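First, the structure itself, so that you have it in front of you.
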Amino acid sequence: MPAETVQEKALLEKPRLTREQIAQLAALELPDGAYVNLGWGIPNLIANYLPKEITVYFHSENGILGMGRRARPGEEDYDLVDAMKVPVTLIPGASFFNQADAHLMTRGGHLDVAVLGGFQVSEKGDLANWKIPGAKGSGGIGGAMDISAGAKKLIVCMEHITKDGAPKIVKNCTYPLTCLECVNTVVTDLAVVDVTPEGLVLREIAPGWTPDEVQRLTGAPLKTKGRVPEIHLP
Amino acid sequence: MKKKVYSSLDEAVAVVPDGARIMFGGFGGAGFPNNLIQALVRKGVKNITAISNNCGTRDGELGLMFKNNQIKHVIASFPGPHANHFQERFAAKEVTLDLVPQGILCERMRAAAAGLQGFYTTVGVGTEVAEGKEERVLEGKRCILEMPIHADFAFIKAHKADGLGNLTYRLAARNFNPIMAMAAKTTIAEVEELVPVGSIEPEQVMTPAIFVHRIVQAKGLHYAG
Amino acid sequence: MPAETVQEKALLEKPRLTREQIAQLAALELPDGAYVNLGWGIPNLIANYLPKEITVYFHSENGILGMGRRARPGEEDYDLVDAMKVPVTLIPGASFFNQADAHLMTRGGHLDVAVLGGFQVSEKGDLANWKIPGAKGSGGIGGAMDISAGAKKLIVCMEHITKDGAPKIVKNCTYPLTCLECVNTVVTDLAVVDVTPEGLVLREIAPGWTPDEVQRLTGAPLKTKGRVPEIHLP
Amino acid sequence: MKKKVYSSLDEAVAVVPDGARIMFGGFGGAGFPNNLIQALVRKGVKNITAISNNCGTRDGELGLMFKNNQIKHVIASFPGPHANHFQERFAAKEVTLDLVPQGILCERMRAAAAGLQGFYTTVGVGTEVAEGKEERVLEGKRCILEMPIHADFAFIKAHKADGLGNLTYRLAARNFNPIMAMAAKTTIAEVEELVPVGSIEPEQVMTPAIFVHRIVQAKGLHYAG
């Protein structure tokens, strides 16, 4: 086995953030008072990790603004579900509207932040998150294309690499695209990466990792601005 | 004056012919016209084009219609992980699918409702969705032309209706229903409660009566699937 | 004075229907249960002449369906006005909505009948009703273009000729157009005229007038199908 | 969290600079943000582009702003028979006018709100409105391309607001207000009543808080002009 591969293997065995920690990290990106849509997967965990001192208004594409926590057993009303069919609650000041108005909000630039899962993010901020090439069945788009086209800030939460060790941050997406040049920030189990006009910038890095190590698991060049601070979760 | 209220589900859907284009409301298990769908299953209509966010949840929602091979073409945004009957038909090429981003699905129906002939959007540019569509730059942005989606019927679910057809919806069971009610030539609503004309506050009507043509009260099967 | 002009002068002095009678005549065109928009001028008088046995739902482009009679003195609420700023009332089952939805109804083919005033209607059903050439001021379009483009049936109520005796039903409109090929029926103080693929058809005629006389005051050929019945107001 | 409620009209409009593009709600005397307009008059902003169905009723509604020559360009559907100050400025070529059919005015604002880049309509085909616009045939119909109307501000009038910005409107005073609230970058609402957060039923919110940025309670001048 060549030295390089041995090194890669060792890298793959180093501890990374958990899915919950990725969510916790992304929660720190939400400003007080923001209107926010959370997609399926890791983003859906974010609501559990909001700093206590801020209020965020969660939007659901089925026509809810001001979604609260999930309903407790016995509290469920199946006319009040989120985009994943899960019964939820409301916070005071919530509102309902139809699905066209819900996506007027997503597409029209009214959401301050949207957080989606991702299969690949390119150097330019292209997102692929709806279809795995060769997967069986019809696939489905849902609200992801409208949301990613319209949010003022789009954060993608995902593992840094696939189960096979392939980078998910890439030069050009090879998976079917969701939206061109839409991603602002990628939060992974290894790093926080900003998409900037000058390219990808490594903003924060997982404890115990070096920028060089993260670069080796990344399919596009990562710029750094001085020393890259280590991720500190509260 | 022609009455809009029908006394049975079967009577309410009797007008639907084979080959009809039908919009079906509902999202995430809420606001589906499950009772009307069951009546369509009983009626046995064939070759339906269904316009719906998803494609059923096992036997529920549109599930049985796929199981019975009543639907030949679907325009949908997210067929769904539990749409097994649809997926089987799709794999067997017995049903064709036009995948549309969810908000664009809403807007294309609204364009039909509003008498617009098409619109440009950035959504889908550079993706599979853009294939075969006109692309141009407007306002400095790449965008594609999307066309209205018309339908013969909308099957919707509401909470309350008065005899004229004014509707209200409960909570997030509103979703696609008001848009579809506006977009189709004939809108058939199943409702939980029939209330006297004048008992819905004019400011609180969610779908004005002009968009509703047939109403039937239906209990049970609230959350099928 | 040539004989023809003497004849024309005599024609202009023959009694015609009043504006109220035009409205009364147009009211007979409204089917039971219809959703109807009434424009400014003569159409606005129609609501007073509805046959008792029918119910019609009046639409106003400021977002009302189910407008009732005008408010009586002391009953006025200036948040409840029609498109002419006149305080009105509601009938049971009325609803409010925003102006975009109000015009979704007009443009989208949801209104069964719209009745507008007119300056000119052409042989093909083109309508000119928003601007008099050479008039001072800015002019204004209002809802007329949306309404005439979308109504399932468009009726125009107007005098048959201008104050100067010029025909208002013409071969081609010379006034600025409101909408092409949109008018289905013209109700005037002399006749009811239908716009058909075969041309204008004189359907009914004012008492004491002959088709030939009406034709001489009309700028486009009028077809007749057998004897033209005389207008009978209830 | 940033508070949306301002204690004075002057404070609420302090953010509006000279040259701003502003949408003004109201129709037929109902739903005009008369108190906010008076504050703009006091502030003396200049070179405003006004987007409004009409152009004032004598001194009322936008009247004083035309009298004071604060508006340089108007996008309107029906300036109105009693908009004498506007008409004088227009005759003197001190203000320019873009006349738009009323429903198309709504749709062009809604297109801006909904992130659409333009739409095709049959409305205006063959008329002065079509001049200079792209024309083509879609769905077998001649139609023209209409572009979104964006604005920096929407000045609107509502009945109730909670502190988050959820709004309700009274009767036909709703009119253009909800559309404009969605279409502008910053929406400033004058309201008759401020109510506690949570006291407007979620199903009965007419303009969700996401569209409202500044709120001020204002009484009086309800029906100016």
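Annotations for the structure displayed:
Each chain gets a letter, A, B, C and D, in the order it is written, and its residues are counted from 1.
Please note the rule applied: contacts are C-beta pairs under 8 Å (C-beta built on N, C-alpha and C of every residue); 3 or more make two chains touch, one makes a residue touch a chain.
What you are looking at is a predicted structure, and each value in this text was computed from that prediction instead of being measured.
Compared with chain C, the chain whose C-alpha mean position is the greatest distance off is A.
Looking at A-B and B-C, the interface holding more C-beta pairs in contact is that of A-B.
Here the CA centre of chain B is 33 Å from the CA centre of chain D. The distance from the centre of chain A to the centre of chain C, with each centre set as the mean of the Cα atoms, comes to 58 Å. Here the spacing of chain B and chain C, counted between their Cα centres, is 36 Å.
Among the residues of chain A, those in touch with two or more other chains are 96-97, 103-104, 107, 149-150.
Within chain B, contacts with two or more other chains are made by residues 107, 110, 114-116, 121-122, 169-171, 174, 202-203.
Under the stated contact rule, the graph of chain-to-chain touches falls outside the line, ring, star and complete shapes.
Pairwise chain contacts in this structure: A-B, A-D, B-C, B-D, C-D. Partner chain C is touched in their complex by these residues of chain D: 27-31, 53-55, 76-80, 86-87, 90-91, 97, 99-104, 106-107, 109-110, 121-129, 142, 169-179, 222-223. Put simply, chain D touches chain B in their complex at residues 107, 111, 114-122, 138-139, 141, 143, 147-148, 168-171, 174, 202-204, 206. Looking at the complex, you find that chain A touches chain B at residues 60-64, 77-85, 96-100, 102-104, 106-107, 126, 131, 136-146, 149-150, 176-180. Against chain A, the residues of chain D that register as touching in their complex are 1-2, 110, 112-116, 162-164, 166, 182, 197-198, 200, 202-203, 205, 208-211. Within the complex formed with chain D, the chain A residues making contact are 32-33, 35, 54-55, 57, 59, 65-66, 90, 92-97, 101, 103-105, 107-111, 149-150.
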